[in-house]
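Okay, so chain A shows up in both of these, paired with chain B first and chain C after.
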Partner chain A sequence: MNEEDLKTMIEGILTDMTSGKGSSEKKAISNTQGSNIASGTTAGSVASGEVLDDITKIDLRKQFLVPHPHDREGYLKIKSFTPARLGMWRAGCRYKTASVLRFRADHAAAQDAVFSDVDPNLPKEMGFLETQTTCTSKDEYLTRPDYGRKFSDEMVAKIKNGVTPNPKIQMIVGDGLSSAAIEANVKDIIPAIQQGLKVYNLGFETKDVIFVKYARVGAEDQIGEITNADVVCMLVGERPGLVTAKSMSAYIAYKPKIGMPEANRTVVSNIHDGGLPAVEAGAYIAEMLDKMLRLKKSGIDLKAAENAGN
Partner chain B sequence: MILQTKLFDHLYSFGSVKEVLAKANEVKSGDELAGVAATDATERVAAKVVLSNLTLQDIYNNPVVPYEDDEVTRIIIDGVNKRIYEEIKNWTVSDFREWILDDNTQDHEIKRIRQGITSEMAAAVTKLMTNMDLVVAAKKIDVEKTANTTIGRPGTFSSRLQTNHPTDDIDGIMAGVMEGLSMGIGDAVIGLNPNDDSVDNVVKILNKFEEFRAQWDVPTQCSVLAHVTTQMEALKRGAPVGLCFQSIAGSEKGNTAFGITADMLSEARDLTLHQGQAAGPNVMYFETGEGSELSAEANFGADELTMESRCYGFAKKFDPYIVNTVVGFIGPEYLYNSKQVIRAGLEDHFMGKLQGISMGCDVCYTNHMKADQNDAENLAVLLGAAGCNYIMGVPHADDVMLNYESTGYQETATIREIFGYHPIKEFEEWMENMDLSHNGKLTERAGDASIFLN
Partner chain C sequence: MKDDQILSVGIDLGTSTTQLVLSRLTIKNFASAFSVPRINISKKEVIYKSDIIFTPLSTQTEIDANAIKRFVANQYQKAGIDKQDIQMGAVIITGETARKQNSSAVTQALSGYAGDFVVATAGPDLESIIAGKGAGTNLLAKEHRKNIVNMDIGGGTSNLGLFSDEDIIDTACFDVGGRLIKVTPKEHRITYISPKVKELISSLELNIQEEMIVTADELKPIINCLVQVLENSIGLGTKSPYFDTFITNHPLHPENRIDGVTFSGGVADCLNETMPADEFRYGDIGLLLGSGVRNSLIFKEKTVYPSIETIRATVVGAGSHTTDVTGSTIAYTDGILPLRNLPILKIAQSDELLESEDLSEKISEKISWYQVENELNNVAIALVGKHSPSFDDVQRYAAGIVKGAQVLIAKHEPLIIMIHEDMAKALGHSMFARLPAHYPFVCIDSVKVENGDYIDIGEPIAGGEVLPVIVKTLVFG
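For the complex of A and B:
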């Protein structure tokens, strides 16, 4: 074995260890199997009680499975410039087991975020007013965006009676396309926005926050009309990607009306631990809310006013 | 023209050819959202029966958007060779289907008849085709187009390299390009969907692509998928545009939503032919996808398959190098699940080829659809069997900028392996010279991006 082979072997072992196939665990398992055979017990393996490493904890920017790269350091460097899954190598024409399982894990998290509901205890614990659009199921929500923007007469009455009318700021939390995003961010961002608003002598009560099940962004327009709020801000789960399933956005509009142009919404996106953390986002959203109340504008109109130096 | 039939003693009556076309469509969530789908499975079949008995003349006389109102309709109708149309106008849609499937009907006969059909006729016959019909019919049609290299030759299967980046980091983009090329990906085109659509950024990426392509003498073409007006400005500033890209729709109103007109595309093509990097004559690259017209409220009460077919009729005017149906990108309100996406992929591919388009498919899905990578692989294999010109090559099938799942480098390599297909000839020779493939098989260097470093 020459020096390069030795280096490759050591790197291979290190990669195995970091990718959850720890050599110590392997040894432990093979020892167990060995003793089984020796003692003549059944061929079935005995569960050791140990736990495999969590493959979703591996940093994809550092995971590297190419066995004999022409330039390892150079490869790792160019790979570090992108979140794309590079350097994952192949098994024949196909993918390595480690990379295909990681892809499936990330996709599973994304799908679960879309197809599962927000924990029903969350709006209760927070004390939000619980509502639902005219969608009656997740399937209907996904195929009928128009239903996800509307409330029934009964629900309109519930909103009208449930929250303080004519507020300066009406907050909404909508599940959108990721329940995981709401569960991960809402508990942090609501107090962060409230804290941020204090600076501007503004605020809202948590009991006046409307939780909307099966929500599309456009649902905030009808809520704006029902409550006669000056500014409406909806926090909503975004369509998940594989990098994160927990990304949330805030869609903020000044006096939204049904049928208003989309361009009149101001969007704060990419709110998650790996992007704009909820606490920072809360402070930023508070600042935006104050600005909109002062300038009585949102979206491109707000941008235009800002560019004009107002 | 008969617009009614009985099935199981129940009478089914339809009000127009457009309604028959819509209700004869296989189940699509987008048609249900548009309110044009059949109300139940039996009505769907009744519509297919009525459609099968309509003549091609009936279809010709009833474009789904009126001639007077729509530029796309005018381009399609005005492009028809009237002599050839006269020869086939009395065929029923059923006759047309069986003629295409007939063993005696070969590619050169289809090439001639193609000049006598409208996009609605291509859509109509597609609605009578089963999935396997769509595979075998498409397989017998070859569409070859030339930019720097020639795509679509029998026995080849190509790929578009797509290494998008959330912030357009040029080093990150190039890392993906290097790994892709090392796997034999990018013979259709090296392309990038920019996050920043500014002229400066587009020029920067085009220059980098061309610098790398020229340095390594890669026989292919490059494209940055900004808006066509941005690329035209880049061309005027001397940027090496290989293929000039644009998303297109099947109605004038849909194209207006994309900010384009036919004149604009003609001007872009002319500019690319005279100042672009590729020799041509095929220098345009279009993307489409069922449902885009509905999302722009520009479907005129027609179903999404028929509107998609009209995209290809419109595209034909500009003789593109490639057209790509981005089949599962638009979301579950237009194509609900993997069954609908697979069907749509096969339909689009066949309708495009029937109209003489060099078709590729972005075999893809979003994470809020009921589909996964196994479904994408199924469609990729079906399209391989159907003789599709190319699919996508995205690192590990995950687009980290557009947040959707497509096909990876491995899928193209595997389709080539399964069917014995090769990359475009000059590109394969380059791979052999680079020691990336040997006698058509990938070598141990394939998949190692770092061979391009130092």
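For the complex of A and C:
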């Protein structure tokens, strides 16, 4: 640094020091905003058009808040194996603000996934047959699981008239406990299953897919009885957690009947962008459907038959 | 799925020694019973280690093929194993022997003999990798989270494999070994000097030649020079003027940090601080070189970790660490496996983002590179793929691949696709929809390959859920 630069710098510092309180206050506010943990109440006096960064975009596996770690790389390595919130520096009732806000944001996303409905345009765009269980509201759906497994007589007639009877494969899409999961995965998984089934000379028409609002897994049993399908496959949104709100499962059963044992269902779970990708899950489900039709079994019975075959 | 087992053989034909191991690899489904399978190799056990014999040579430069054959037959018998039982394996011809003219013929003789799916491979880079894995350097690097280099000092060459957190990051090979000079054990009469050492002798102006009787002291300047090359090879000491002379193919890239060292190969058993009374006990300079290394800068300036295997590192690596399994959701047609020695044709990642039409052009252009004098051999097309792709992405890939591979399809070559991301089953189904009826194809994921690699794909295991694969970084011959 030469003398001239030094002079300019000192001048700058002196100007800052003497220019009064106003500007330094302003600086403090913009600093808080920059660090993601601004609280709306204290800085409320200044309305800026800026939008805070989305804290849910931070990759938790890489966020490491321990200030002076003995072995940073080692800790990050451990974190890379788990979505658990490790290395948040403070625990118990003394989490850091960033951790608390993130936790609340993830929790809110999970709640939203449960309490919001699947976009009503989705089943229309896809051309699914739209149905609803005997639940009349989200509250009733959450408090009365038994209502989520039943259809009214009127709805039974709608299903009967709406889809091809006695199919080999009956597909169902149910909102379940996460509408976000359905919105995220259905558009990719349905064509992937259809394409996979072609390998086995099987298939189903998209218009024969039944969309069920307020659906519990057991709803597939009654649909099995109504349609007299050989295999029923239900895609349903899973109860969201703090890791993802978009996880979907497929519950597949050979000739399901009301009251059949739960052990007769085959499950493909963890279908989301951080787990099993929807298209790959679709391909896998197609193979499972073929296997069940050939062996005429599902769930534990299918496993037993497969193991005996080995 | 029940646990499945693969019996694998590794045969190492080195410059000085030949050995064989039989390994049992256990394949296990790590997912719970009702989840999508996640199948991996859970256990690697060496179940039989052969005797170590000097590589039988019929002349100074020719391997005695029949003697090798007899050795292998004999060891199978001792182990109580039928050659039909062996599913995977690798014959590794290493060091100077690999460059001798006739070794490919020996490999061929052995390949036909030693089980149905045994592959002949070699090349200094691959040897460095498998020796490092056999020595357990990759596990040490992972455990200590350090960059650790394995120096496999054999008879003719020293193979360096640098590991960082279980992954190989660099390899190198030098023509430095324990049998560059051979002497008669009793008289200490020189029977062989390697060409590069002859060069060294003449430029050092030493009076040493074949048929002479020598002492350890007379060989000292040569040993010092070889040790200095090894020090230089991991960035220690002042650079020897002969460093470049002794490079086999390439040295390590100097920008990688090296924290620790492991030793394997025959010379790793000779790292004695003081010289034993009979320094020519093995009829070579192995003990002299070992002691030189023990007193070198390597031991002074680097952490030296104990290795799991020394003289057997390469053969254990060949038997246990060359086989891998594919991802657990894949697609293939029956009756076309096993496939061997397929060159990898890797599509540039930027090209993968292109629309299917442009992607197909890039693929067909690359395939044409493999067309030699209008002869086209099959290739395995490798792509990275997309994390959690949409259905449209998969369609784009499938359309691009099938169109781009028309020249292979016209010849009715099985279409072999390897994709890194977990999307092989969906991609396979999409290709099925676009290929002619009953067209043979294999579409696998979760195997990392690069241009220049070759791959063998074995018959399905674990109830058909996965395929065993051997990725070969360089094929000899």
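Rule of thumb we're sticking to: the second predicted complex is superposed on the first by the 253 of 310 C-alpha atoms of A that agree within 3 Å, B and C clash if a C-alpha of one lies under 4 Å from a C-alpha of the other, contacts with A are read in each partner's own complex, and residues count from 1 in each chain.
Everything below uses one rule, namely that contacts are C-beta pairs under 8 Å (C-beta built on N, C-alpha and C of every residue); 3 or more make two chains touch, one makes a residue touch a chain.
On a predicted model such as this, the values are computed, not experimentally measured, just so you know.
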{"item": "Side-by-side fit of chain B and chain C on chain A, or clash", "value": "fit"}
{"item": "Which superposed partner A:124 touches (first chain B, second chain C, both, neither)", "value": "neither"}
{"item": "Touched partner set for A:104, first chain B, second chain C, both or neither", "value": "first"}
{"item": "Partner chain(s) touched by A:191 [first = chain B, second = chain C, both, neither]", "value": "second"}
{"item": "Which superposed partner A:307 touches (first chain B, second chain C, both, neither)", "value": "second"}
{"item": "Chain B versus chain C as contact partner of A:74, first or second or both or neither", "value": "both"}
{"item": "First (chain B), second (chain C), both or neither touched by A:144", "value": "first"}
{"item": "Chain B versus chain C as contact partner of A:283, first or second or both or neither", "value": "second"}
{"item": "First (chain B), second (chain C), both or neither touched by A:296", "value": "neither"}
{"item": "Larger contact residue set on chain A - chain B or chain C", "value": "B"}
{"item": "Contacts of A:207 with chain B and chain C, given as first, second, both or neither", "value": "neither"}
{"item": "After fitting on chain A: smallest Cα gap, chain B-chain C, Å", "value": "8"}
{"item": "Overlap of the chain B and chain C footprints on chain A, listed as residue numbers", "value": "74"}
{"item": "Residues of chain B that touch chain A when the two form their complex", "value": "29, 32-33, 163, 165-166, 169, 171-176, 178-179, 183, 332-333, 336, 366-368, 372-373, 395-398, 400, 403-405, 408, 410, 413-414, 416-417, 442, 444-451, 453-454"}
{"item": "Residues on chain A engaged by chain C in the complex (per definition of touch)", "value": "73-74, 77, 187-189, 191-192, 195-196, 198-199, 266-270, 273-274, 276-284, 286-287, 303, 306-307, 310"}
{"item": "In the complex with chain A, residue positions of chain C that touch it", "value": "1-2, 33-36, 145, 165, 329, 331, 387-391, 393-394, 422-426, 428-430, 432-433, 463"}
{"item": "Chain B-facing residues of chain A, complex", "value": "66, 68-72, 74-75, 78-79, 81-90, 92-95, 99, 103-104, 106-107, 110-111, 114, 142-146, 177, 239-243, 245"}
